[in-house]
Amino acid sequence: MIYPDNRWKHAWDGIILFAVTFAAIEVPLRLVFGYTAKGWISVADSLLAAIFLVDVVLQFYTVQSEQGRLIVDRSEVRRRYMKSWFVPDFLAALPFDLIFLLAGPLGLPVLLAQRISRLVRMVRVLRLFHLAGILRTIQRQSTLHPGLLRMSILTYWILMAAHWVSCGWLAIVGSTGDPLLDYLNALYWCLTTIATVGYGDITPDRTNAVQLIYTMAVMVLGVGVYGYLIGNIATMIANLDVARAHHQEKMEQVTAFMRYRNIPPRLQSRIRNYYNYLWESRRGYDELSVITDLPDSLKADVVIHLNMEILEKVPIFRGSSNEFIRELVVELRPVVYTPGDYVFRRGELGERMYFVSKGRVEILTADDIEIKATLGEGDFFGEMALLFHQPRTASARAAEYCDLYYLDRSTFDRVLRRYPEFKKKVVAFAEQRSSRPHDVVAEGNASDV
Amino acid sequence: MIYPDNRWKHAWDGIILFAVTFAAIEVPLRLVFGYTAKGWISVADSLLAAIFLVDVVLQFYTVQSEQGRLIVDRSEVRRRYMKSWFVPDFLAALPFDLIFLLAGPLGLPVLLAQRISRLVRMVRVLRLFHLAGILRTIQRQSTLHPGLLRMSILTYWILMAAHWVSCGWLAIVGSTGDPLLDYLNALYWCLTTIATVGYGDITPDRTNAVQLIYTMAVMVLGVGVYGYLIGNIATMIANLDVARAHHQEKMEQVTAFMRYRNIPPRLQSRIRNYYNYLWESRRGYDELSVITDLPDSLKADVVIHLNMEILEKVPIFRGSSNEFIRELVVELRPVVYTPGDYVFRRGELGERMYFVSKGRVEILTADDIEIKATLGEGDFFGEMALLFHQPRTASARAAEYCDLYYLDRSTFDRVLRRYPEFKKKVVAFAEQRSSRPHDVVAEGNASDV
Amino acid sequence: MIYPDNRWKHAWDGIILFAVTFAAIEVPLRLVFGYTAKGWISVADSLLAAIFLVDVVLQFYTVQSEQGRLIVDRSEVRRRYMKSWFVPDFLAALPFDLIFLLAGPLGLPVLLAQRISRLVRMVRVLRLFHLAGILRTIQRQSTLHPGLLRMSILTYWILMAAHWVSCGWLAIVGSTGDPLLDYLNALYWCLTTIATVGYGDITPDRTNAVQLIYTMAVMVLGVGVYGYLIGNIATMIANLDVARAHHQEKMEQVTAFMRYRNIPPRLQSRIRNYYNYLWESRRGYDELSVITDLPDSLKADVVIHLNMEILEKVPIFRGSSNEFIRELVVELRPVVYTPGDYVFRRGELGERMYFVSKGRVEILTADDIEIKATLGEGDFFGEMALLFHQPRTASARAAEYCDLYYLDRSTFDRVLRRYPEFKKKVVAFAEQRSSRPHDVVAEGNASDV
Amino acid sequence: MIYPDNRWKHAWDGIILFAVTFAAIEVPLRLVFGYTAKGWISVADSLLAAIFLVDVVLQFYTVQSEQGRLIVDRSEVRRRYMKSWFVPDFLAALPFDLIFLLAGPLGLPVLLAQRISRLVRMVRVLRLFHLAGILRTIQRQSTLHPGLLRMSILTYWILMAAHWVSCGWLAIVGSTGDPLLDYLNALYWCLTTIATVGYGDITPDRTNAVQLIYTMAVMVLGVGVYGYLIGNIATMIANLDVARAHHQEKMEQVTAFMRYRNIPPRLQSRIRNYYNYLWESRRGYDELSVITDLPDSLKADVVIHLNMEILEKVPIFRGSSNEFIRELVVELRPVVYTPGDYVFRRGELGERMYFVSKGRVEILTADDIEIKATLGEGDFFGEMALLFHQPRTASARAAEYCDLYYLDRSTFDRVLRRYPEFKKKVVAFAEQRSSRPHDVVAEGNASDV
């Protein structure tokens, strides 16, 4: 059986995409210009039939996915395919040119056979619907930017529609001799109309009801397509950078507020810098909101990836079970400090332990003047607050923009309650600690300090 | 009296819709081309008058609905109809052709009578306003997709407007002889203008003030209609699949976040799969938010429909009153687990009981290696947590994507408090249970395990 | 002094609006066609100057409002007016025609004076800016639908702009003799261009740089105006009925959910009916959200208006102070019951007292079969729950769609705490009550029962 | 090193912006019209080369900012520049005219050298990409309205694109002799097409495939650009005054609610006045929401700026540490009272202390009739409620629209707990106070009263 994530399947999907596109372009052209398939077109035609035939066979061996469950059972796969796309797929795979070759021997008038063949070949276009499914799957699994992908697929369909509308126009108006110029003129008319430019150098014959009605239909549908396109382009481009749009909107709101309330220029610039920092360092994303929607296990994996080795360094967590660490990591909350902000001051009662994710934090001496230590990425401080309800023994100040994570005591306690075996270890650690002079900086990190 | 949900009433509304549409199309045409009603048109005319007349009579017997209350009283119905639509409806029901036939005997000049008759027939178009009410009712009661319906109704009105604008143009410009081509040309001009294509092959006579003003009015109104249309098409298509749009937006946000934070490909694919599962299994709907808005009784009915037989199977709920089950069912909360996630682990303190709505959950033996049991749709586990505050006796792990519902102890207790007579039964059950070795899987479900 | 809510001031604002509009239309026309003011135009001109002059005088006596405070002081009003609009207003009030009459005696060449006069009259158009302020005030104070008003004002400005662009076009292209047709053609060209129809029957002379540049400027600005218009029309029409849009969106979401989860048709219809009831009875408005934003005193006034006489009927509230009632009324919460829903059942512990705002509630006898009483608009029940923690003595069931308000005990207690003098009365009432058999329906309402 | 906030750097960026714009306009023009650089154009050309060369040198000394951190290290700056924009910047700085002068001596055919030179000069346009970076920085740091700025930048790019498309059209169609008219015609064609006006007086030669394809490409891209523009103009203009839009939406919702519920006109007008006051006094901004997003230190600075001297006046806060005041100030909550509202009444239990930010508050005597004192901007009252749980000794009533801030006891207590050394002072103050008769108005403000 062929699984959805098979590499060769992806390649084959690419070939099918190309083949169907070719058929969808060539079939109406042959219908309009009425040429006979010769040379490379004839070869391409046979190749197409072969590709479609192989695909029909492959479908019987392709695992389908439904509601997150894979349908691996062969008879089930076959049953489903027979009931859905088998008939149109099989019809599209018939080699119509060969059938037309048989017309002579079978006594059918060749010209009629030719015309019928051209019409019957329309079934190949049915594969476009089948293709829509493939494109949807690609859209779902691709790691490309979804907005860009959607834009490409929409463009694909619109160009295809423009091609068909142009062929329809040619069929009604009739050709003048030069097929290429005729086609270009028809496409030119089609785009001029759909884009509502309407130069008026090509217009329907006003005594020809068919041409008038066709033009009106194209205009009415065109308005719809055009409205859809305009609406989509706006959202697409907006979504190409949702984050930037949010950031700009926020900035505009803040700027308006600051100008209205006459915030002094220096404070204005600090606030602007803060938002620019948020933007540059994390594209303004509120990680919390993205992560919150995930189920607990995925949430833990993402947060663990983001804060990999931090927790494992902390002495009180060393040697604790993986599950315990996972539960704690999910509870970490990000917080930003701007340069010069105090994270906490000596003498305050501490409730939180901090982990430095980015930036430098200075630990100050008793008089808040000298810098006792500078902590950087991966360091942590204030962990005694999780164990004891006592005042901070030193102040901590952000030396530059700092991304910290914190864990507060109540959360720590809540998680601890579910891991009673670990609680004893913590108490032991705390007792050992409290017999020595408390340091705001953990010994385990002394080398960093 | 005829009630709003009467089948024949729906059919009659369909006939009225058809009749009014015919009148709205034919009345301006006859006004512009000035033809005399002969043959089938004359028959249709009389039929129309008859239908409208019958409708006036029927209105006196039709129950109206107002603010959720039905107005069944006949005199009240009559009074309301007389005050609202009776006069225009009655005028629209007059057989104008017959009146015109009377012109000769009455000594009126026939030509004048004809012209007056054509003008007076305009009152029939007043029924369009009445029709708007019917369309609104259809929109409200229909089970069709509301977006599609709104799109159809909007298209109906725009085509109608285009028809009238075209007839107006014909009246101003005058006809050339071939009514069909004339009409097609007028419609073509109208659509070319409204769609802002503006080929320029049909333009107003620039020395004719009336034509210039008419064209300008059509353009100005056209821009409005066009803007309305463009705006609507965008929202309509968006609403055709609100859920999909939300899903895609979410996916784009998540993808951007993952690319920016360099989430490893395997984790990326797990997250994408999770969202695809959510989409495929429930169109990304947050059931909670839809259900929350309903009043309690409807909420209970919907949740009961969704989880029909699950609760009744649970031994501790067996034999409890219907009201009790209803209150509990409203408190069930959905939760999703991805393949391999632990629902809970042996030794944890349990607070929740789980019901399997979809997927398979494995109950593991003490060493978490062997699978003791596999639970599927309609099974439940961990129900002892509602009664006792004790550690789980086994681990439970999701074997595939699982939709579970859970009920936590505090909710259970809260509901129990309102049903004191049931509390005794539960305590008795708990005592009986606790005298036997605890199983995480209820005995009542042993056959499923 | 003239206050902003003076009736005559509104009338005068209307006259000014008319006068400025006339000036804004006539000034460029005279500039382009170069006609001499004669007959009624001359009279209108003088009248205009007089009106503007009177307005300048009146401005010195008009109270201005700033940030919710009225500026009544006459010298302050004068100072402000002198610094803001006095100069342009005064210039606009000059009688230019009279000045031009003085040209002869003063020895100025008449033709030059005429031309200068026509140019100088442009200052009258400055009043349009002043007018914008008046329109904004009207918009703020009007009780008309804000969306409709905004739409009208926008249309006013766009038509004005179209008029000016047309006059500009005439000035560049030159007139052909018939002023009316010339003007209509220019307006026609302007609208054709701005609406992007672009028939192409009137185009700039391609060897005339000025015409080309003017056309390009109009197109570029036109695109902007057009985009603004399209965007606005969409929001405007949407806002014409924000409530309906919300209702429809909700309905679409609910319908999609119900179809996807296969809710049975009867339940679907009940849910749809519920939302239709919400819509018909209160336009789907969430009163709570509208009221919540108001400051407490306004909130109380609105709620009191909505529930006027209900609270005063309740025996336990009778004779309590107005302030106490006001505070209670603010805490009333609306709730809806669908036909057949139980509000509460006999034997349940009650926590809430209910007031019937609309619909009928049935009080059932002990066996829940017979109807003991039917309560309607303005009735209340279950008030003993505010005083005693005891089971309900009867069941209450909604007979049709019911809008109830409820007051729960904790809120009642909280409010009571702030009115200690009232607490005694309540306790006395409760003691008196508890010495008699409890009724779920208050005696005070016995006549309704 | 040159820092980003260097004044001369801003000036130089302006020069670069001008130079690049000139190059981007002149390069394609020379390519199309094939003129030789003479006179001032030649001088400008050399000047441009010089400017670009100087800029290359300056880049080596310009500090870059990355994620809020400045890159000051010279070798790091050089390394980064060499890897990013050095090569295109250097190529753009080459003096192509001089190279062309060397063609003769070097034996190259002069005409060919000229043509090559014109083509090679295209590299200068690469600086546009570099420019995009500068424009982004300007956008980030500017204090101008972000929406206006974005609109200007977008217009800049679109005009540039129109210029290039026009030059492309000229290159394909060929010129007729008069360069200026030719260029104007090409630009006219371009704008006519992109704005979808499509007069049709200039259309591609329908037998010329290149012209047809070029036109179609312009139309297709034009639709995209146009859609983008329309979408942007709507949001831009909306964002020019986000606050007003919110206010209007709110007003529309409230108006609809009031009309539907038949609120009496006087109450309607009071509600409308309240919203107008909110709008006029603070542009409807919810300060809380803007401030909430800031980190604590910035939040405190903004609030302190807004309420500068208020807190310091209060006796119980006098002499407290700066940090303590900062923490309290962050907890101040704004509240609005409409004229005549009671802030509190005599006898109520007080929980909040109030600060008057705007408007007048009247303190009433025991019988609520006489006004004992009137408090204005910067005054405070009810501060004893933070210390004692006792009834208010007088009533306070808003005389006009009042913006107050309040601080409630629980918050005060919470902050106090973190500043134990200050707690003693407060207790002492309270004891001293309670030994005297309580005044609702602080003595410290007696002069204001």
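Going by the order they are written in, the chains are A, B, C and D; count residues from 1 in each one.
Everything below uses one rule, namely that contacts are C-beta pairs under 8 Å (C-beta built on N, C-alpha and C of every residue); 3 or more make two chains touch, one makes a residue touch a chain.
Predicted model only: the values in this text are computed from it and were never measured.
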Superposition of subunit A upon subunit B: rotation angle, C-alpha, nearest 5 degrees: 90
Going by residue numbers, if over half of the contact pairs line up, that's a repeat, so tell me which of A-C, B-C or B-D repeats C-D. B-C
Interface check for copies subunit A and subunit D. Shared numbers divided by all numbers used: above half gives same, below half gives different; which is it? different
Roughly how far is subunit A from subunit D, centre to centre by C-alpha average, rounded to an integer in Å? 29
Please tell me the distance, in whole Å, between the geometric centres of subunit A and subunit C computed from their C-alpha atoms. 41
Would you mind listing the residues of subunit C that make contact with two or more other chains? 196-200, 226, 230-231
Residues of subunit D that touch subunit C when the two form their complex: 180-181, 184-185, 187-188, 191-192, 195-202, 226, 229-231, 233-234, 237-238, 248-257, 259-261, 263-265, 267-268, 270-274, 276-277, 280-281, 335-338, 340-342, 345, 348-349, 400-401
Inside the complex, what are the residues of subunit B that reach subunit D? 196-200
Interface residues, subunit A side, partner subunit B - complex: 66-69, 140-141, 143, 145-147, 150, 193, 196-200, 203-204, 206-207, 209, 212-213, 215-216, 219-220, 222-224, 226-228, 230-232, 239, 242-243, 282-283, 285, 287, 290, 293-298, 301-302, 305-306, 323, 417-418
